[in-house]
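Shown below is the structure under consideration.
In order of appearance the chains are A, B and C, and numbering begins at 1 in each one.
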Amino acid sequence: MKTPWVDVERVRVPALLLIVSALLATLTLYASTYTVIFITSVLMYIVLTMSWVLFSAPTGYISLAPAAFFGVGIYTSALLGKELPLLLVILFGGLASLCLALLVGALTLRLRGIYFAIFTFGLVELIKHLLLWYEVNMTGTRGRFVIVVDNNTIYYVMVTILVVLLLTVHLIKGSKFGLALQSIGEDEDAAAHMGVNVNRLKTVTFAASAAFVGAAGAIMATRWTYIDPYIAFDPLFSFMPVLMAIFGGLGQFYGPIIGATILAFLEEILITRFPYYYMLIFGSVLVVTILYLPDGLAGLVPKLRRRISGRKRAHSGG
Amino acid sequence: MRILEGESVTKNFGGLAAVAQVDFAVHRGEVVGLIGPNGAGKTTLFNLISGALVPKSGTIRLRGENITGLKPHLICRKGVARTFQSVKVFGHMPVHANVLVGALFGTPNRMSAEDANRETAELLEFVGLSGAGALPARDLTLANQKRLEVARALATQPEVLLLDELMAGLNPTEVAETMDLVAKIRERGITLLMIEHVMKAIMCACDRIIVLHHGKKIAEGTPQEVATSRTVVEVYLGE
Amino acid sequence: MLVTILDIVIAGLLLGGLYALIAIGLSLQYGVARVLNISHGEFIMLGALTTWSLHHALGISPLASLAVCGPVAFLLGFVIHRTLFKRLLRNSGSPAVFEANSMLASFGLLFIIQNVALITWGPEIRGYSYLAIPVDLAGALFGANRLVTLGLALAIGLAFYLFLTRTRTGKGIRAAAQDPATAALMGVDINNMLALCFALGAGMAGIAGMLISMSYPVNAGMGLEYTVIAIIVVVLGGLGSIPGSFIGGFVLGLIGSLVTYFEPGLALVAYYAIFILLLLARPTGIMGK
């Protein structure tokens, strides 16, 4: 019997990654401006979703704060965009979000998960009010103008953020910190008693996830020329990552990525065709997913596999 | 030498004193039993020692060092490990990963990944779970989950091990096997403090017994002394 | 000086009455049905905009709209609980899982309801004038509409208190809030109880929306802020404690009035500061378990 020249099983995933990476790296060379802009949005959603997954998936602490960190990144861009080179602006956007997350984490992660969720839920409104008050009373202006950056640059920055994020997630998952995070999600008390510094680990991971969201916000801000607290702090950006992660399924690494990609495509279609209905549809997708597909799309894969192999067995049996 | 001791340890919940000015001392190498009717404060005392709760007043010392009110992960690294009354394994994680967490995070000195893995394998063998390494912890039987908890706690290289009702819910065979395990742990030089309701186990395995009732220490002594103490008999029969 | 303090206090009570009402609604939903309904504010919004529509299109007085907002919101809540949350309860393996899932589901609900409102009423800010007659109280002027709001909030609070303590169903609710398992053993129809409480919470939100529309402008996006305030009050009063939510509402209203006097626009920030301070100091709230 001939042995295959290439072990297809083992080469499959790396090959896929290589192809996708090559396509993404060269996108600006062959794609239209519209496509570049669109893919940038898709990548942005993957960044938001995977950062959410980085912290909330293993620990079980549901964060509804991504919109707050995104907004902080946006505002950092607006504030510093004219003073500093782009790269520093992005870094500061990430840094500002990281600091906010450290503060929020230090205060609320020592509490039960429900309090943390509640606090992060209201964080968007809180910061919006704070900024509005500040702008009305202190600076006298409402909103700011953001520097303009060309679409290709925005695209490559987003790709870079995504790559760094995915590497980070992958490394953490395989490391002892990933193990510790999981143990926190399983039984926080027991984890603490086995030597895991739960508060510190939770806070640091939360801060790391926020940094990526902040960086993404900082670069995306350059697409909108004018921002104000209402535009920057939109609860939608807390909703979408959660929806995409759950829809895609938290059981596998690729689950949230697939979820984000599919729903980002859906958003694009809906915004052009049914702009008045898309929140209705996405809200329904979340509800339906929670009810009928709790493990998301990734959860379907093992079920489908079993069904397929089951059928095979039935056919090959005597 | 007193390895673990407590002085006037007190804890209130609302208006109720769960633990009321308890003095206790455990010597290195001893096996000490902690008994008392339900609600006597035994698990609360464990929680105060391990750092899960902070005492209202009183001091707890490990090797002479004051550990009162320290966070659980610090107390673990200083050498006190425990199992839980309601088994708290990391259910969705494989058995070996459960033990690995202890080995990687709970030891006084950092262990390399290699050493930790080796230690994990050794401990799984020690408690008799070698074959189950890859199974999710929640798929184990209750008796095996309890053994897993022991292995996990041992992975943190403790000097003192607190066992909270290790025998609860086990049939007589399993109880006997667990008693063997306790003896083996003792042979390793680890000091043991055990909460138990299974009298036979306590009487056989312990050097000394402390009796709690309504949060207070009402008796202390050898198994013989405690068994014949009128106070203790009254408390148990009077219940 | 005294006049100013009195003004602040009265303004605080007016605000507090409203907050108390929204908070009791959420407290019922979380305390009994164990659903942290973050779409609570959207029910308020629906009540508000429905009242506006009835007033604007048919000239119906808001007080009369009470007969529509309350029951319709109640029914909506009942249906939603029966179709969504009840099923979720069955699917969820543990109370903790249900708590997380139901909160997320209500997050989805938030966007569904808001979108429906946007389609129906558009994003514009709506308002109307009703009973805007100034009434002189302790030297300051307050709109009669706001006094009516306080009166109604107190009346509903009292009625609800009597309902909880005097009627059989009410006692069942209190039992279910304290200990659902035992309550079920004692013959309380738990299934209907959960839906009932959720629906009552929604009904109260609808009524609160009606009251808000009498004194403030309303629009499809108004819900979120009220949800956040309701949550803060519920935590302040002790998660799951209905009397706690009532008192907490007034406490927060007074604080809001005080802060607004010195620095309008920072009320929510002040609420949040209190929120976080309370959580750190005493996570169980004023009257929490």
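Definition applied: contacts are C-beta pairs under 8 Å (C-beta built on N, C-alpha and C of every residue); 3 or more make two chains touch, one makes a residue touch a chain.
None of these values were measured; they are calculated from a predicted model.
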Pair with more cross-chain C-beta pairs in contact, given A-C and A-B: A-C
Farthest-lying chain, centroid of Cα atoms versus that of chain C: B
Interchain centroid distance [CA atoms averaged], chain B/chain C, Å: 47
Whole-Å separation of chain centres (CA-atom averages), chain A against chain C: 32
Averaged-CA centre spacing for the pair chain B and chain A, given as whole angstrom: 42
Interface hub residues of chain B, defined as touching at least two other chains: none
Chain A contact footprint on chain B (complex, rising order): 50-52, 71-73, 76-77, 81-82, 84, 88-93, 97, 100-102, 104-107, 113, 152-153, 155-156
Of chain C, residues touching chain A in the complex: 36, 38, 84, 87-88, 91, 96, 99-101, 103-105, 107-112, 114-116, 118-119, 224-225, 228, 231-232, 235, 263, 265-266, 268-269, 272, 275-276, 279-280, 283
Residue ranges of chain A touching chain B (in the complex, touch as defined): 176, 179-180, 182-183, 186-187, 189-198
Of chain A, residues touching chain C in the complex: 60, 62, 64, 107-108, 111-115, 117-119, 121-122, 125-126, 129-130, 132-133, 136-137, 235-236, 239, 242-243, 246, 276-280, 282-287, 290-291, 294
